[in-house]
Structures are given as C-alpha cells and as structure tokens.
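Structures given as structure tokens follow.
First chain A sits with chain B, and in the next complex the same chain sits with chain C.
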Partner chain A sequence: MRKDFDFRSILRNNAVTIMFVLLCIICLSYSGQTVPYVMYELFGRLSRNAFIVLALILPIVAGMGINFAITIGAMAAQIAALWVVEWGIGGLGGFGVAAFMTVPIAAFFGYLIGNLLNRMKGQEMIGGLILGYFANGLYQLLFLFIFGNLIPLKAPGLVIKGSTGVANTIDLSTERGFKYALDGLWKVPFGTGLYITCGAVAVVAVVMLLLKKMSKKKAIITVGIAAASCLLYQIPFVASLFSMVQVPMVTFMVVGLLCLFNVGLMNTRLGQQFRAVGQNRTVANASGINVDRTRLIAIMISTVLAGWGQLIFVQNMGSFQTYGAHEQVGLYAGAAILVGGASIRKANNAQALLGCILFHLLFIVAPSAGKNLFGDAAIGEYFRVFISYGVIALALVMHAWRGVQKKKKAKAESQ
Partner chain B sequence: MTNNKWRRLLAIVLCAAAVLLLVTGIIELPRRTGRAGQDVLDDARIQALLSVTGESVVESYVAIAKKEAQERVRAGGGSMNDIREAVEKAEQETREKYTGESTDLSQIDTASLRAATNAYMNALDEYGSLETAARAQYIEEHYAEAQAALEEKHRAMLEAGQEIPENDAVVVDMSGFVPTPEMLAAEAAADNAYLAVGDAISLIYPVLDKDSVMTLKDSVRGMLYQSDDDFSSQFDRYVEQGRAKRTFSAYLLRHADDLIYTAIALLVAAALLLYSEWLISKLGIPRVIIGLFFIILCFMTLLYDLSLPTLLSNTVVRMGMNAVMVLAIVPGIQCGISLNLGLPIGLVAGLLGGLMTIEFGIPGWGGFLFAILVGVVIAAVCGYLYAQLLNRLKGEEMSVTTYVGFSVVSLMCIAWLVLPFTSLKLRWPLGTGLRNTIGLDSGNFRHILNDWGAFNIGSFYVPTGLLLFMALCCFLVWLFSRSKTGVAMQAVGNNPRFAEAAGLNVNKMRVIGTMLSTVLGAVGILVYSQSYGFMQLYTAPRQMGFIAASAILIGGASTSRCKISHVLIGTFLFQGVLTLGMPVANVLVPGSTISETLRILISNGIILYALTKSGGASRA
Partner chain C sequence: MATEYVLEMQNITKQYGENTVLSDVSMAVKPGEIHALLGENGAGKSTLMNILFGMPVIHNTGGFEGKVLLDGDDANILSPYDAMIKGIGMVHQEFMLLPGFTITENIKLNREITKPNFFSRILGKNLETLNMKSMSADARKALDSVGMNIDEFTRVQGLPVGYMQFVEIAREIDKTGVKLLVFDEPTAVLTESEATQLISVMKQIAESGIAVIFITHRLDEVMAASDSITILRDGRLAATRRTSETNIVELAELMIGRKGESVIDLEKRSVPHDTVALHIKDLNVDMPGEHVVGLTLDVYEGEILGIGGLAGQGKLGIPNGVMGLYDSEGEVELFGQPLKIGDTDAALRAGIAMVSEDRKGVGLLLDQSIEDNIVFNAMQIHGEYLHKLGPFTLKNSSDIRGIAEQMITDLDIRCFGPTQYAGTLSGGNQQKVCIARALCMSPKFLFVSEPTRGIDIGAKKLVLETLVKLNRDNGMTIVIVSSELQELRSISDRIAIVSEGRLVDILPPEAPDADFGLAMSGIKPQDHNEKGAAGHDE
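Then we have the complex of A and B:
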C-alpha cells in the first residue's frame, strides 16, 4: 500500500515545526555565531533539558494536555537537593540520594495534583498552570520560613545571616554538592560518542532480528542509518562542525532509557489504558477502566520524572536559584514539545527530542541575532519568551480550532 | 446533633469569656488617665530611672575599687604585672557584686526623687509641645519649596538616566530650623528642673557626684520623654529599661484596650461559630476563610498598636484603584467567555494611551481623558480581533486566553523597546527603549482622581474622585447589563444554544462582551496608574489578569455568573487582606516578603477553587 504524498496536509499538520526550522535558520544566519560553538551549546542544553521534556509525554497521551504542573516535580527535586547539600553527601552518591528522595516527595505531590486535576476535567492545562503558581507560594513559605528558621540548616552557605530563609542560590560545586555527578562520569568527544551509539544501535538491531522481534527490512534500515552517520562523520567538514562537542554519555543514556520506558509502557496494559482514557473518557469508563485512577498514575509518573529531570538540570548547571529555578520549567518544556510537532493530544519521543533541539537552538541564537538585527540583545531575549508563550497559544488555538471544526463536520454529516 | 450541641456550648463559653474581658477592659481603661494610671507610671518611671543611673553607679564603684587596688599593690611594692592583675581582679569582683541587683523601691525613700521627676516631666512636656508646634509651622512654611525641589531632583535623575524610586516622598529639610525664643526658655526651665532630679539621685546614690549626674542627662531625658507618648508607649519603655517585675494590676492597665479588642473578637468568633453552617452554605468555604482572615488581621493590627484607620484608608484607596480592572472581568463572564485572563490585551492598550499623553505633554484632566480615549480606541480594535479568535474556539477559552495574554505581554516587551517615543520621561537617555517604570508627576495625571475633592476624617483619607469614578464605572456596567443588548448578552452567556434558538446572534454578543471587557481593562490600568503614581511596562501587566480574576471570585462570582457587588466585595476583601497583611507580617517576621507569598496563595488558590467548581468532576 502506498501512502498518498499530500504536500499540503503535511505542511498544515507540521506548520509549527516547519516555521520553527525556518526561524532557526534565519536566526542562525544572522547571529554571527559559528556552528561548532552552537553545536557545543546545543549538546549542553540537550543533555540537561531533554529528560524533563520527555516527562510531558505520558499526561498528553492520557488526555490531560501539557502538564504545566511539572514545576511542582521540579520543586520536589529542589527540596531533595537542598537536604543532600545540608547532609554534605557529595558526588554521585549525593545525586543518587537526591534522586531516591525525590521519588516519594514527587509521588506525593503528584497524587495531590492528580486528585485536583480530576476535579477539573477539560481544564487541566490552565489548572496545572495555576496550581504551579499556587505551589510556588507554598514553596516560598517552606524555603523562607520553615527551612532555616523552624528547621535549622547547618551547611555553610545555605542560610545567609541577616536575611530570612534559605539563600537565593544553592551552590552544588563545593564538595558537599553534586555538580557534574552524572555528566562527569563518562565524557567523550563527539566522534567517539557517535561510534559507540551507532555500534550499540547496530548490535541491538541485529539481536532483535535474531530474536525475530524486528522485521528484516527495519533492521537493515537501522543498521544502514547507523553506518551512514558514521561514514558521514568521516568527512572533515562535518567532523569540524562537532569539534567542540563533548558528549556526557551517561546523561544521554538516562535520556535513552526514559525513551525506552515511554515506548515500553505504552505496550503494557496500563499504557493501553492511558491511551483509551486519552481518546475518550466516556468510552474508557464504559469499558471498565478506572478513569480517575489512570489519570492519577499518569500525573504521578510525570511528576517524579520531572523531578529527576530537574536534578539532571541542576547537576549540569552546578548551582540553582532557590526561588526561581523551577518557575519556567513548565513553560519551556511545554513549548519545546509543541515545537517538535506534538499537539496537546498526541506526543511521542521523537517529537519531544526534535522539539527540544529546535527550541534550544533558537534559545542559543536568538539573543545575538536580535543584537545584530536590531542592535539590542534584549529584543532577542524578549523574542524567545514571546516565542515560548506564542507557540503554546498557537498550539492551543489550533487544537481548539480543530475540535470546533470536527464538531461542525459531525453536525453537518448527521443532518 | 451532638456536633451542634458542642458548637453551641463553645459559643456560650466564648461569649462568657468575652463578656468577662469586656467588663474588665471597660473598667480598667478609664483608670489609665486617673490616679491609678498615674501611680503605675510613676512607679515604673522611678524604677527605670534608678536602673539607668544605677548602671553608672556600678561604673563609679568599679573605678574606686580599681584605684584602691592599684594603690594597695603599689604600696606593697609589687611589679607592674602584679598591679595589672590586682586591678583586673578588683574590677571583676566589684562588677559581680553590684550588677544584677534589682533596686527595691520599698527600701529607698524616693519621695523627693518623685517630686523632682514629676516637675522635670512637666517641663519636658511643655518644651515638647512648643517644639512640635514650631516644627509643624516650619514644615508648613517650607513644604511647597521641598516639593519643588523634589520634582527638580526627579527631573535631574531622569536626564541622568536613573529610575525614580517608587517610595520617594516629599521630605522637608529641617537643617534650617532654628529654635524659637519660647523653646529656648522652656529648655532652660527643663534644665533647671533636671538639677533637682540630679540632687535627688545623688541623695540615693551618694557615690554619684555632680559631674556624673550631668553626663547622664541625655539618656535620662530620652528615657523619660519622647514626643507622641501615650500610656502604653511610656509604660513599655519604662518596663524595658527598668527590668522591673510587671505587677498584674499594672499589666492589666497596660493591656486594657487589648482586652476590649479581644473581647469583641471573641464575640465575632462566637457569632461566626453559631452561624458557620449558614455562612458556609451562603458564601462558600474560601470566602468564609478569606473573610475570617481579614477580620483576624483587623484585630491583629489593633493588638500590635498599628493604625487601623490608616490601613483601612489604604485599603479603600487600593480598592478604588483596582476596582475598574476587576470590573473588566464582568462583561467577559456575562457573555460566556468565562474569566477573561487575556485582560493584559486591554491593559497594554491603556498603557499606550498613558504613554501618548506623556509624549505629547498634555497636562491634567485633559491628559487623563486623552489617555483614556486613546486606550479605549486601541482596546476596542484589539478586543474586536481577540473576540473573533475566541468565537472560533468556544468552550476552550480559559487556557487560550491565558496564553494569548502572555504572548501579547511578551510581544509588547519587544514593542516597548522599539516604539518611537521621544520624551525623556519615557526613554532611557542612554540605551534603547522605554523605562521599566514611568513616574507620573503633577504635570501628568498623577493622583488626578485620588486628589479630586479628597478629604481626611482623622487619619482616614477619603479619595473622593477615585471612589466616584469607580461608582460611575460600576453604574455604567450595571446600566448596560439592564439594557436590551446587555440582557441579550447575558442570555448568550447563560445558555448559548437557547439564545441561538431564540434568534440571538451569539457571535455578535460575545464580541460585544469581549470588547467591553478589554476596553474596561484599558480604563482600569489608567485608574490604577494614576493612583499608584507610576506606569509599569514590560512584564508587569502579565499577572494582573489573574489578580483581577481572583478578586471577583473572592467576591462571590463563579466562572459563569457574577454581579457588580461581587466586584466591590471581592476587591475590598482581597486588597484589605494584602494591605493589612503586610504590616502585621512585618511585626511577626521582620523584613519578610510573606505578604507577597500571601498574594500568590490567595489569588491562585481562589482560581483553583473556582475551576474545581466549574464542573468536570464527573467520573468520566
């Protein structure tokens, strides 16, 4: 069976992504930045942001839209990070303890979020957004008046004398912190990383073929792509583009594992339930699925994953703004996944990763492009904020628009 | 049943306690100005006086002991080292011996000291009232001068490219103030009176000679008398200085007013307890909580001796400055687009109008009306386009409006950087773009509504013009909702299908409601700015839609139903909690930002609550 190659429908369905690619190219050409530098920045940003974007997929599949309440997962991670620094568990151990601590805290928060969102079905996104703001108030209460006052903190630098509450910045680069705990484990130049990845992919494809879990054609294509990318890298020009890139292998492996988890989960019974609930709650309920419980689980998993994502982010940055690091998490991750071609009803790993790449590419080049085009870097800064909000607004408008169109069509057909 | 019984019992207990406190308070309060209050203050004052002078007594003893020790060792032929050691030892011993001994009033004859101190207090009082009057007169004479100087300073700051601080008030420079002859005479009389006090102290502590008594003069004076003293502040200061035991009766007298406040609070609590079910069913839990919170804050300001009338007056001002923005939510709800969180569209239109007024330099009322006119026109156009968008996505308005509003605000951030305004009041002289906050002054429309026909009742400032304007806007919206179009619009909002069947043009009505909401937003931000004295650009308007929406929800509206009364009640309660919350929070946790945290919790909490009530709790 041959699919019809309808150029217009492809254009229409991927308008945001295509527009973004164009925007990135324009900004890149005006930014005056070299490609190796942009690549270096991009890989850094990808390694610290991809995980949290992937955390958004489950709630979208379960029909709850973009989970803007992942900011609360980030807050859970920051609570854990604060205590790990207080206890002075540095390095990988500290990261592990923080990740372990994040699970119960984020799961508990996720439970509360899920229950609340179950009371406002159809309004989850605005609800999640406002819930994020609300939780930020509670977070401030916790960090300003409880930690450091009612519960004393002893570690140096956590509390500044003369001001109330926890200090504005928590530094992870001392021996008490876990800066680069994950990134620093195994860092290789881009070429080595590419060979390792391609080799692993080829081996997996062959094994899958032998176990008859993959069709012959698919396996050959996979191995072929891996080999081709290795060959492409042999061209000196291509290699020079990536000359500055250092790949934190473990971090990307964790991201890869999350992708596998997302795919694997979709093939389980629970995954089917997510999908059923996402498609139609009434039908799902009629077929015996506990809709509320399914949605609750999706939000809880998403919140825990977001917490881990924030930990990966802060271990890469080496410090975080106590009262601000979580605020924009939901906005940037949400915009990124939409840029990749996801809608508020459909999303997959590829869209999340592609969106992450495009969105952060724009983030890197927009300020300097703004400076070169308009003579002011602030314009580029505001432009990327505008793009973040604008992309979400556009996605919402398009989704709502399609819904209305569908209703009209159904009405016209029934008449 | 038992639950009800317990509640009734508790209410009765509360009432009984309240009556007890009330009676005690009412009996005690008048005694402050009478004989008893005078005695309590006298005792505390003498105690404090002796304690302050007692510290220098210890110093005198220490000096004497050191001298003696030095001579003793030197006479014994000790080395320099021995002398030093002996002196240190003597100092330590003497200090231990005398410090911490609280003075027992009953063992000292303080009659002469009392008489001298009272005379001294009277002299100080006379001097103080003369000084206050003279200073007030000086300030009155020089106020206009200081105001002109401040505006001159602001102009210079603008040209130098600095931001005008938001809390810059007119301060009269007192360096040119010269004491009047009457003041000098009163001061000499007070100094004379102090000599008598000094003599009396010397009688009690013979070790203090005349010179050391004179060196104590300033600290004694500062402790005894401060301007604007009342019973409570004097008592608190003496007790703190004197380290004296607080006797129960003195304590009762000191807190008589607090007893009365607590009693009233308990009565209110009892009434609320009795009618709690009725209140909750009538108002809903969040409103009861916020209302209670407001009442508690009122009592706490009284207990902490903060000025409640001033704070309530600030609340009224802030209610007036926010009310029109909150009112802008009303047509949105009525026409069925739910909470118009895209209000920032109207706000930036209003800001544009204000900027143009300053750019063209139109002064006074003309400028304000011009700003409103320009704002309304821009808002009407934007509102029309915005309404066209919303008409294409019925049922999904809330999340779309939020993000459209956010997008517009961030788009305008770029616009503020590139718009071709030229006035130095608006632009940074170096660098590009408009300033973050634009200070209004008397040449523009700063406080133009607030000060129109404003008057004071005690410390309660009534911003007549602002309140009248608020009332006018509310009345117009109410009038509109009674008109034929308004009724049709509400019908569309309540039940679009029915309205369509009845032959109403649903889309047209929604356009009217959305435009009206946006236009009111533009007017609202101008009213807000003229009262605040500053126009805030860039990201400032982003959260204002949420604040307006939460205010109307606090007032009792839901996402599909609202009245004008909800606007007024909600704005008053919300702003009241914020205004009263800040000083109370600063007493509890000094220098904290808890008031801002409070705003975040209240405004977002109420929106969340409204969302849970807007349906969708069904299982499927």
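Then we have the complex of A and C:
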C-alpha cells in the first residue's frame, strides 16, 4: 500500500493541536511577557498538572472516552489531605500517608463509578460529567456537616470558630501540612536537571542495548538526542531562555514513572484486554474477555491516579479551596489531552504531555495578551475558559465528523 | 465410549415460549468430514448452532430438550467460551476481528502467550508481559496452513474482506484442540475466486481431521464442498443425504418443500401486463443487512407481485429503497412519471404507500390512538383532515373519527373504539391499522412488507384477504414482500426471487418447489435445467 504525503489530511487530523500552537504564538507575542518568565511558569504548571492528565489515558484506551469522573478521584485526595492535616503529619510523611489513604477511597469511588458507567455504555462521558456534579453535592455534605460537626476536627484553622463545617481554604504551608513535600525534595536549576535526565536516558539506552532489549539503531538515536539537547543548551541564548526555571526532579520522576506504567501496562495481557475492549466490545466478549470487569479496572486505576495527581497539585500550590479545588479538574485535564492531539478514542503519553504544555502555555499568556489587546485582563481570563470548553466541543464534533467521513470513504472503496 | 462421530446432536427440541422452533432434530458429524447444514430462514439453523455454542439466549429461555454429544460423551456446553474450550470453533458471518490490532494480535486475542515479570508475580497473571515473538510464530503457522502469505504484523484495518475471512479461520485453527469448526455463510462476502480458495482451505482443514459444519444457502457450493448434508425445514429435520447420492434439484426441493395448503384459495386469472405501473432500473439500496445491487424490475398495473428470497438477501431493501427510507440510487418511474429517488415525501405524494415490515418501529405511533395513526400520513403529506384558520391548522376531529370508524369496519379491526392506543392492539390488528393508514393516502400503488410476520394464522388470512380485495375491487397494484413463500404463492400473480441483492428470476406461483429452491440460492432455474449443471447466475 502506498502512503501519500497528504498535507490536507495531516492538517485535518491535527487541527486542534495546530490551532492551539498558532493561538499560543499569537498570544505570546502580544502578552509582552519574557520567554524566561513563561518557561518558569510553564515548568511549575507542568510539574503539578501532568500527572492528572496522564491519568486520563487508560479509560480512553478502554473505549470509555474522557473520564470526567476524575473529579471524584480529586475529591478522594482532598478527603485524605484533610485528615493528614488534622493529624498533623507534615512534610513527606504526610504526603505519603495522604497518597496511601487515597488508594482505598479512590478505588472504592472508582468501583462505584465503573459499575454505573457499565450500565450506560456509549454515554460514559456525559455520565462521568454529571456524576462529578452529583458527587460534589455529597462532598459538600461531608465537609459542611459531617466533618467538623459529627466528627470533630481539632487542628487549628480547619474549622472557623462560630461557623459550621470545614474552612473554605485548607492551608498546607504550616508545619502540619505537606507543601512542597515532593517538589522540595530535590530542586535543581534547569541546566543541571537537563544533564541528569540526558545522562540517565543515555545510561538506560546503553544498558538496554547490552541486554539486547533495544535495537542498535534505536539506542544510538536515543543517546544522540540526549547529547544534542545537552549541546544545544551550551548556546548562551538557549540557556538564557531557561534561566529562571527550577526543576522539581522528584515530581517529574513520578510523572515519568506514570508514563512508563502506561506503556508497560499496554504490553501486558491486561493492556491487550483494555485495547480490545476499547475497539469493539462484541469482539472482545466473543473471545472470552470479561468486558465489564476490564472497564471497571480501567476506571478504578484512573480514579486512583487522578487522586494522586490532585495530591501533587495541592502540595505544589500549598493550599486548596476546600469546596472548589476539584471542580474544574476533569474539564481542564480533558481539554489538555485533546489539545495534544488525542481523541476520545485514542491517546498516548506524548499527546497528554504535549497537550499539557500547550494548554498551560495559553493559560499563562492569555490574560496578559487580553490585557494588552483589549485593556482588560478579565477578557484574557474569559478567553481561556471559553477556549477550554471550545476545545472539548470541537473534539467531539470532529470525532462525529470523522465517523461520517470514514463511512463515506468505506462506501466509495466498496464500489 | 468410542464412537465414529465427533459431534452428535440427538432429538433436539427447543421452544421459545409457546413457539416451537426446533422439534426432534438430530444431526451427526464425523471427524474430517464437511457437513453442510441447509435450510431456509426460520428453518432453525441458527437456533441449532446457538444450542451447540451454549449461547446465553438458549439458557435464558429455558434451555432445550435432547442431547449434545462430543466424541460420544455428554457435553454440557454452558457458554460460548465453554464451547471454545471444548474444541468447537466458529467462523462468523460478521467478522469478529479488531481493526486496530495486527493479524497476530487478532489471532491470539485473549489467548496471548505471556512471560512473567516482577509485577505479575505479585499482582497476578493478567500483568504478565506479552511475548510477541512466539505469538507471531504461532500466527505465521496458522496463516500458512490456510495458504495466506501476508505479513502477520499487518493491521486488520484496510485488509480486503476476503483476507479477513481467512484471518478468522486462521484464528480458529490456531486454537489448540479444535475438533469442530462451524462456518456460518462464509462465502456470502467473498468474490468467486476467494470462495473457491475458501472451499479448498475447508477441504484441507477437514483432511487434517477436523470436522467442518458448513452453513450456506448456495446449493452449488454445497455440492462442491460437502461430504454429507443435513436439511432443516420449519424446525424439523427434512432429510440427511450423502452428497454423492443426491443432486441439486433434490436439495432445492427438500429445502422448500410443501408447507401445507394455500393460505387462501383464489380463482385463477391471467396476469395483467398492459401498463407498467412501476419501473425500477439499476436500483442500489444501502440498507444494513438487506443490500440491493443493481436491481431492475417492472410491476404491471393491477397485479399482485410477490417478492421472495432468503433473509438478508435484499428483498426488504426494495420497498425501503424506493420509499427513500435508506440511502438508494437508481431510476424509478411510477406510471411513466420519473420519481425522485431517496425522497420519502416525494414518493408518498406521488401516490405510493408502504406498510413497513417494522410495524412497531416505523409503522405505528404506539402511544397514539388508532384514529390518529390512521390519518397521520394523510394529514402530514396531503394536509387532509384539517381545519384551516389563516396560518394555523387544527385537527378536524369529526372527519378523522368518520374515516377511522369506516376503516375499522372495512378492515375488521378488533378494538374498543377509534381512541384506543395502537400499542395495546394485538399484532394482527396493528397490521390492519398500518394498512388503514396506507389506504387513507388513497394510494395508486401499495408496498406491503412482511405483512404477516408475527401474527397468528387467523389474522394472517384476514390480512391477505384484505390485500386481495383491494387489488380485485379497487384495482390497486400491490407489491408484497414476504419471507413466507407459501403466502406469496397463494396471492401473487408473479413471484420475483431475490438473492444477494439481485433479481434471480420471476416465477409463476405454480412453479415447482425445486425452481424456487434453486432461485433462492441464486441459480436461475431455467439455466440449470437447460445446462443440466450447476450454473452460477451473475
């Protein structure tokens, strides 16, 4: 079969990503912000958001679309975070306990979500979205009425005196909290981080080559890219772009581990089942795969990962809005992965990371671009919210449209 | 217990509620033979196979009577997965392949070869890493055995249908311990050369000792491929034959048979053939499961034309295509006037009415009253039964009541009154409401699709009599599409038989059974009789 280099189809298939790149460039040029500042902001945002976006991949592969119910995973994490603050376990220990506590809570929620979504096959996305809103009500009941009233909280500042329920903001920056528990472990300037990463990649490539798990060509290319990026960094202009960036190594390592997990899982029997179920439930069922169970596992893993992602997010922020921090999680993460070129049927690590970069780049530059262009930062703010909904709508429309195109093409071929 | 048969199904009886779909059917298959299973639709082929595979639909409806023996031992097959473990494989009519997977991944789906890793030792077998190397080696072997030299790492997406069929077969062969393979209409989607190749692969498989059950409606392929034949008719065993001891005409006769007497008796008359009422040329209809391919047909004014054929061969596509309910292309002329194809509104306005086979889905508004159902189309299309008040329109209740009551008497619709909900009527009476609605449009031409499906004998007779009356008294031209040949034979002037989306032949109702049988399997009876050999009609 001959593969045409069809410029139009490349454009069409990556319309969302290309549009976003253009938008980012335009906004960047009008924002008046310096590149070093943008880079500084971007790395900060990447470190706290990438994990949660990566948590969306598994349900997409399993054919359940974007898991908007990760909002509920975030709620699980916040419940865990509240109790860790109450108990006063600060620092890395507190983070660890919170992460550990998140697992059973999020897994339980994931189990409920998965069972519900199994009853509404084909409508998982709208189901997850509405489920998130519904769970928000229960969450408020829990935090306004049960915690602090039925179950008293003793830690200072968790309950406002003379009021009922948990305080609006939970502060993690005191000695009871776990602000920067992960980020602060090992923070290095960008250059150092780059050398360490490239060095590690090169060593792994060589080891894999020696163990004969990687082809010679691939190993050489990998080492070459690592060396080239280090060399590129030697140019003063390039280095100056990243002068403000401090890299939280451990956080990025955790993100890297999740990427490896996603790839590794796909090479197992379970991963094969996810992919089979994602493509066609009937065929998967006919070959003896338990479709419902596979989907349930995908949602449970995704919910737990989302919970961890939210913990990484809040430890970076240093505090969180008790009643609002989880609300937009699903929407923003979903928009980010779509921006990276994923669809509601296909997604991988690279798309999630690229999407994360582009989406947050726009978030950084849009308000000041709005201010410079229209004289009001609120317009830029308005613009970025508008864009995130727009991206999701556009992705859904394109998915439907591609379905129609495919059908037409198949018809044309059969004749 | 040693036995010469790999599979024996003994005295199988299966009822769905009151309805007996299989009664006392037996069948035995030897290792290494190709056993053809023949029968019209509704003859019970698929029910028999569902029993063999332990499909949930069987267990959920009270199981079955009789015995299934594998290698002489009682095989209690609980689920399709269980059947697979016991060595029964199926090559599906609808491909069970994942387009985004490679051929290897498809062949090995859910039977992946894995090796343990660190995580799987803790968390269980499901996390073992795939061993692509040995998987692809197995796939290669299976592909070679069906004579396919395609790369095993090619994705299934974009493969020609013929290739997909062979990948399916390769997958079944790859399963260890397969002793029985069922091919369900495997040649339906293949080109002629692919079909020939498939039959030779089937023979190879049989030679290796695996028994093959071959379900098809193509009689010539049965003659070419099989060793023995079981023929079902109306849920009963019609005959078992050795292929060497029978011929195609006998098979056709056995398949169709005489199903009792005529439903109604009519006086003989000469077939009207003065004016062409409906002229169909090169009709293509894209109706899922009922494709029509380049069909040309003339219907004469004043006749009742029957359209018959097996299920899924496109007979239902004809009325649905002409009425524009599915995507269609071609030329249609009604009484010499060209008709815009694919436009339901235009067809209705031109004076064609249709009684749909999908009574509850397309035919009726179940939550509406009988009278509203009857006038619905006339009101929407012709703007009848309405009061006009400037730009507004109101239903003309008294006129509607009048026509509804008249139809209820004329067609003998059994109901409490014109305001009863259509959904609460029995099947036969619902059908009559559908006919009443079509008549309300005062059509010049009527399509009736599967008018007697799912209604009892008495109601069947009434519906058919109504149609005949409309034809004889009002001179209405009627095209009736039905799976029940006997019904077509009792009221039609001519019967067109459709196979694989094409018109095979138009036969008189009194033509012999064998002719109908041959036509339904795509062989023009005349050609066959002239040549005296199995000619394939193209």
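One rule holds in what follows: the second predicted complex is superposed on the first by the 401 of 415 C-alpha atoms of A that agree within 3 Å, B and C clash if a C-alpha of one lies under 4 Å from a C-alpha of the other, contacts with A are read in each partner's own complex, and residues count from 1 in each chain.
The rule is simple: a residue touches a chain if its C-beta (ideal position, glycine included) is under 8 Å from a C-beta of that chain, and two chains touch if they have at least 3 such contacts.
Here the structure is a predicted model, which is why all the values come from computation and not from measurement.
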Partner chain(s) touched by A:136 [first = chain B, second = chain C, both, neither]: first
First (chain B), second (chain C), both or neither touched by A:267: second
First (chain B), second (chain C), both or neither touched by A:304: neither
Between chain B and chain C, more extensive residue contact with chain A: B
Which of chain B and chain C A:226 touches, first, second, both or neither: neither
Partner chain(s) touched by A:282 [first = chain B, second = chain C, both, neither]: both
Chain A positions touched by chain B in one structure and by chain C in the second: 282, 284, 286
Residues of chain B touching chain A in the complex: 341, 389, 392-396, 398-400, 402-404, 406-407, 409-411, 413-414, 417-418, 432-433, 546, 589, 591-594, 597-598, 600-601, 604-605, 607-608, 611-612, 614, 616-620
Interfacial residue positions of chain A with respect to chain B in the complex: 65, 116, 118-123, 125-127, 129-131, 133-134, 136-138, 140-141, 144-145, 163-164, 281-282, 284-286, 291-292, 374-376, 378-379, 382-383, 385-386, 388-390, 392-393, 396-397, 399-401, 403-404
Residue ranges of chain C touching chain A (in the complex, touch as defined): 80-81, 84, 92, 96-101, 105, 109-112, 114, 120, 125-130, 158, 286
Residues of chain A that touch chain C when the two form their complex: 1, 265, 267-270, 272-273, 275-276, 279-280, 282-284, 286-289, 411
